[in-house]
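Please go over the structures that come below.
Both of the next two complexes hold chain A, though its partner changes from chain B to chain C.
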Partner chain A sequence: MGPLLRVEKLSKSYHTRGNEIKVLAEVSFSVSAGELLLITGRSGVGKSTLLGLLSGLDRASSGSIFFQEKEITGLSLAELAELRAGSIGMIFQSFNLIPGWTARENVEAVLMHRGINAAERQKRATEILSELGLKDRLENLPAELSVGQQQRVAIARTLVNDPVLILADEPTGDVDAETAAEIVELLLPRVNSGRAAMIVASHGLFDAKLASRIVCLKDGSLSETAQ
Partner chain B sequence: MNVDVIACALRELRQNRRRTLAVVSGYAITVAFIIVLAAVLLYSRVVQDIVIGGTGTYFVTWLPACGDISSLTEKELADLAKGIIPAKCQEQCENCTGCNKKPYDILNEGFVVNTNTTRLLTIELAEKVARLDSLKNVSPCLMFRFRDPTNNLIFTAAGVNPQDYAVVRNCVAAGDLVEGSYLDAAQPGKILVESGFAINNGLKPGMKFSIAEEEFEIAGLVRTGVRPLNPDIMMLFADAERAINKRIHNPLEKEANIILAVSHDATHHIKAMEDVKKLLKTDSLLTTGCYWPASEALGLSERMVWGFMLIVMCGSVLFAAKIQWAAVVERCRNLAILRAIGWPNRVIAWQLLCESLFQSVAGSLVGVLVGSGLIIAVPVNSLLGVDAAMTGVLNPVLAIVVIAFAVLAGLLASLFPVLRMSARSPLDDLRRF
Partner chain C sequence: MRDIFTAAWRELCRRKLRSFGAVSGYLLACAFIVAMVLMLQFDLQSKHATVSYMGARFLAYQPFVRTADPDAVGRPLDPVNEGFFTEPTVTTRLLPRSLLEQIAAIPEVRAVAPFLLYRFKQGENGHIFSVGAYDPTYQNAVRSTLVSPKDVVSGAFFRDGDSNVVLVDQSYAELWELKVGSVVIIGDMLYPVIGITSSHARTARADVYMLWPDAVAAINKRLGRPLVDEANIFLVESAGIEAAPVAMKKVEALLQQGHANPVVCMPPVVKFMGLSHDTLRLVLAIVAILTILFAMNSQWSTVSERRHEIAILKAIGWKDAGIFLQIIAESLLVALLGSALGALAGYVGFLAISTSMGARVSLAYYVIRAPLTILVIMLAALLTGILAGLLPASRAARTSPAEVLRTL
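Right, the complex of A and B next:
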């Protein structure tokens, strides 16, 4: 079986005031199910940009991304949205929960507009939040939750659609060591069981020992780092 | 669009009660303003129609007498008096009826209107004029210049049907009475005398006045003011016909020499005159001089109404656009999160449009109720001292049009922020907001 995700000569440049800023220069790598790839590098080096390209939220300047052997760089916005909704889960550093929605509504949002009825959506959201220890916090707004609880809601939102690829941008960046360990504990079983692959972008706060492989992004290029 | 989109839109509106209330209130105020404005303007038009629409909408018409009569020979004139129409008259005037009804005193008497000698017209022709669409009312009139042989007094007398609206506008009305009583169609043998003529000749109501050797009782004195027709004496049509018959060679046979007309309103006045000219093949029309400014004022007012409405409507579109834009900008981050977790742009766009739809419908319905309530509660006509009922200003069609407009404006206004949102990178929005 081939890799879950294959990136070939991926480049991304920005044009500002007539200047071209090359963020990624012909980056190539691959990730298979059961692997946790840690991308390290200093702040502003392009880690988030790379995750944005992998999730289809941004367009590459050149190069290809193959997801489950299917090239996704040429897909339409609607097709990419469908891919994110069905197969890719994203975790953000600042959780990115919708402030006016309850914990359950935030999780349920991923299942909306996919032909899943309301009762089924509620059931699945409630189940996963309960699994993550938030059974009593279903109807609470994010502001009424602790930082750790908020991150657990964000993880529940990522896992509720059972993604095969989890993209995490500094998932432990804004939390204390205990909460960071908790987050890892929640995500790793899914990777270790071989059901999903995970790519974590971090500038050093993520426990490198947990990664299958570590790559370092510097000056637009990736280099494999020995563990 | 599916049920989820509608549910999400409603949830968004519910969860952001303050914003929703502000937007709905905005729509309500705008729509109420348009409703009140439209009602006031409609009422203004009602009043204008009453005042201006009835100003300068009347005129008289006649056909000038044949200019060749003066060139007739003695024999031809004698034949004419017997009813034999000379060949050259027949060639010149199709359906000639008047030339054989010459007055005995051709130098002093005749069918004269404001110094012009006129031809006789059949009553059928007046009826034909009355059938023109542009006219509201038409009335035949006989106007004759008499000379009293006993004192050589020369005066003009008009025979009219006093109940006709065209007579009221063109010649004399009960409101012109300054002394005595008005003409009564059921009481022949009475006349009205123009007050100036009465003063000059020492005439008073109740006195007798001789016309063609027949004594008429002066019913009243009138001051007719500025009207196209200004005779010295006004009398019933049948009385005039009888008196004139005594002064001409051959009796009148259902004939008149003037047609009094009233057009529908000031804006139709010119067309009405053109229609009559075309039918009678004449340019001899006499009208009051104010019909142009009156109709112009009406048109100006109408243009102002539309112009003002257009400004208000443009303003409301901009207002709706501003609200919708603010609603999208305020939620940039939330929308970016939804896009990041897999919501297609299409779904988000539909949701935003739904929100706009719900808010504009709710706001405009409230606006219509508030606006209508204000119109009912505030008696504008009493405040302005205008004696015209405020009917027709609360128009259901107008309400529907305003609601439809508000909804359309809301949807159109949403389109721009929706398109803008679709074009933005969710990653940028997540970083920036």
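Right, the complex of A and C next:
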């Protein structure tokens, strides 16, 4: 069985005022289910850009991304959205919860427009939030939750559609060490059981010991780092 | 689809102030448009009724030009104060009653009646008043153009066998404090008043109405020569408002034969309608356009405020179409709520205004046509909601999640 995700010669450039800024230059790597790939590198080096390309939020300048052996770089926006909704879960550094929606509604949002009825959506959102210890916080708005609780809602939102690929952008960047450990603890079982692969972009605060492999992004290129 | 509307409703409830503002905008615009359109329809109906009534009837006569034919006026003994005339103060010729058959033969004419309208001066220092000759033979034309039993406000109308009795117009009766049973002096005779009439906006009117033979007898005493089967006015009812202009032209042409002066007829009132309605329609169009712009601006602002949220939704898998429909649904709900409340307010306003005007239209208008009109306006408001949501929804759908999330 091949890798879950395979990236070949992926490049991304931005054009600003006539200047070309090359963020990624022919980056290649692969990740299999059960693996946790840690991408390190200084802030602004292009880690978030790489995750954006992997999730289909952004378009690559060149190169290919194969997800479950299928090239996704040429997919339409709707197909990429479908992929994110069904197979890829994303965790952002700043949680990116919708401020006006309750914890349950934030989690349910992933299941909307997918032909899942309201009762089923509510049931699944409630279950996952309860699993993550937020049973009593279902109807709270993000602002009424602690930072740790907000991150757990974000994780619940990521896991509710049972993704096979989890992309985490600085998941422990805005939280204290204890909360960071808690987050990892919540995500790892899914990876360790082989149900999913996880790619974490972090500039150094993530516990490197947890990673299967570590790569460093520097000057647009990836290099494997020994653990 | 239900999910989309549920989510849209939830969004509107969350942004209470903005939603209230947007709904209020629709409410005010819709209330204004509903009230104005209903008033417009109401006014048109009333006007059409009035025009059908007034414009389908006219007086045919020939103005008298003294220098052209001094003998044709009927030679009153006191030509300075008395004479045959029509309102307001046009001296008229006497015309042979034989024209009656020719006028009646015109296809566009439904009924015609001869009429004598003579201005009397009562006594040396007396007042001037008009006497109209009522000929019951031509009731069809007379009752719609001059006076009818329905116009009696007190006393009774002329009955078969009546003679030497008069009806008095209400304004004239009030001026001289005349009541049923009073007597009026016409010439050298006393005539008891049997009824007071109020004929409002009839085509022709007189201060005092007499039966034709009595009027001829009274007028003959004031003329140098007696009337010879003549009338100075023909009361004509055309076959409907549309036929009136043709009927008038044909009657005018008929009266021109053998006579020097043209007939002066009141042109149909309908020709003068339209300016105020056109203005109102323009105002309504401006309000409708402003409503679209207001709603669009409101939705645009909402989308701008929610760029972050929209980017998150797209990042977690919402498709462009889902985002687009969500914004359209919100716009539609605002339009639906605002237009429903506005339509209700507009209808209540219309009822209040139309009732306070003391005017009434048919019950069918209130229960069928007005609600149908409101329904059409509401559908137009919903279309406005969709139109107003198109640009913001398209902008929302095009939001680049990577770009927005990167800039946060």
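Rule of thumb we're sticking to: the second predicted complex is superposed on the first by the 227 of 227 C-alpha atoms of A that agree within 3 Å, B and C clash if a C-alpha of one lies under 4 Å from a C-alpha of the other, contacts with A are read in each partner's own complex, and residues count from 1 in each chain.
Everything that follows uses one rule, which is that a contact is a pair of C-beta atoms (placed from the backbone, for glycine too) under 8 Å apart; a residue touches a chain by one contact, two chains touch by 3 or more.
Predicted model only: the values in this text are computed from it and were never measured.
With both complexes brought onto chain A, simultaneous placement of chain B and chain C is prevented by a clash. In the superposed model, A:164 makes contact with neither chain B nor chain C.
Within the superposed three-chain model, A:75 lies out of touch with both chain B and chain C [touch as defined at top].
Touch criterion met: A:58 reaches chain B and chain C at once. Using the contact criterion defined above for the overlaid structures, shared-chain residue A:216 touches neither chain B nor chain C, since it reaches no partner. In the superposed model, A:90 lies in contact with both chain B and chain C.
Touch criterion met: A:109 reaches chain B and chain C at once. Within the superposed arrangement, the part of chain C that overlaps chain B, taken from 45-53, 63-71 or 171-179, is 63-71. Annotation: chain A residues 48-49, 52, 55, 57-58, 77-78, 81-86, 90, 92, 96-100, 105, 109-110, 112-114, 118, 157, 161 touch chain B in one complex and chain C in the other. The touching residues of chain B, when paired with chain A in their complex, are 2, 4-5, 7-8, 11-12, 15-16, 333-334, 337-347, 425-427, 430-431.
Those residues of chain A whose C-beta lies close enough to touch chain C in the complex are 48-49, 52, 55, 57-58, 77-78, 81-86, 90, 92, 94, 96-100, 105, 109-110, 112-114, 118, 157, 161. Across the complex, chain A meets chain B through its residues 48-49, 52, 55, 57-58, 77-78, 81-86, 90, 92, 96-101, 105, 109-110, 112-114, 118, 157, 161.
Chain C contributes residues 3-4, 6-7, 10-11, 14-15, 308-309, 312-322, 400-402, 405-406, 408 to its touches with chain A in the complex.
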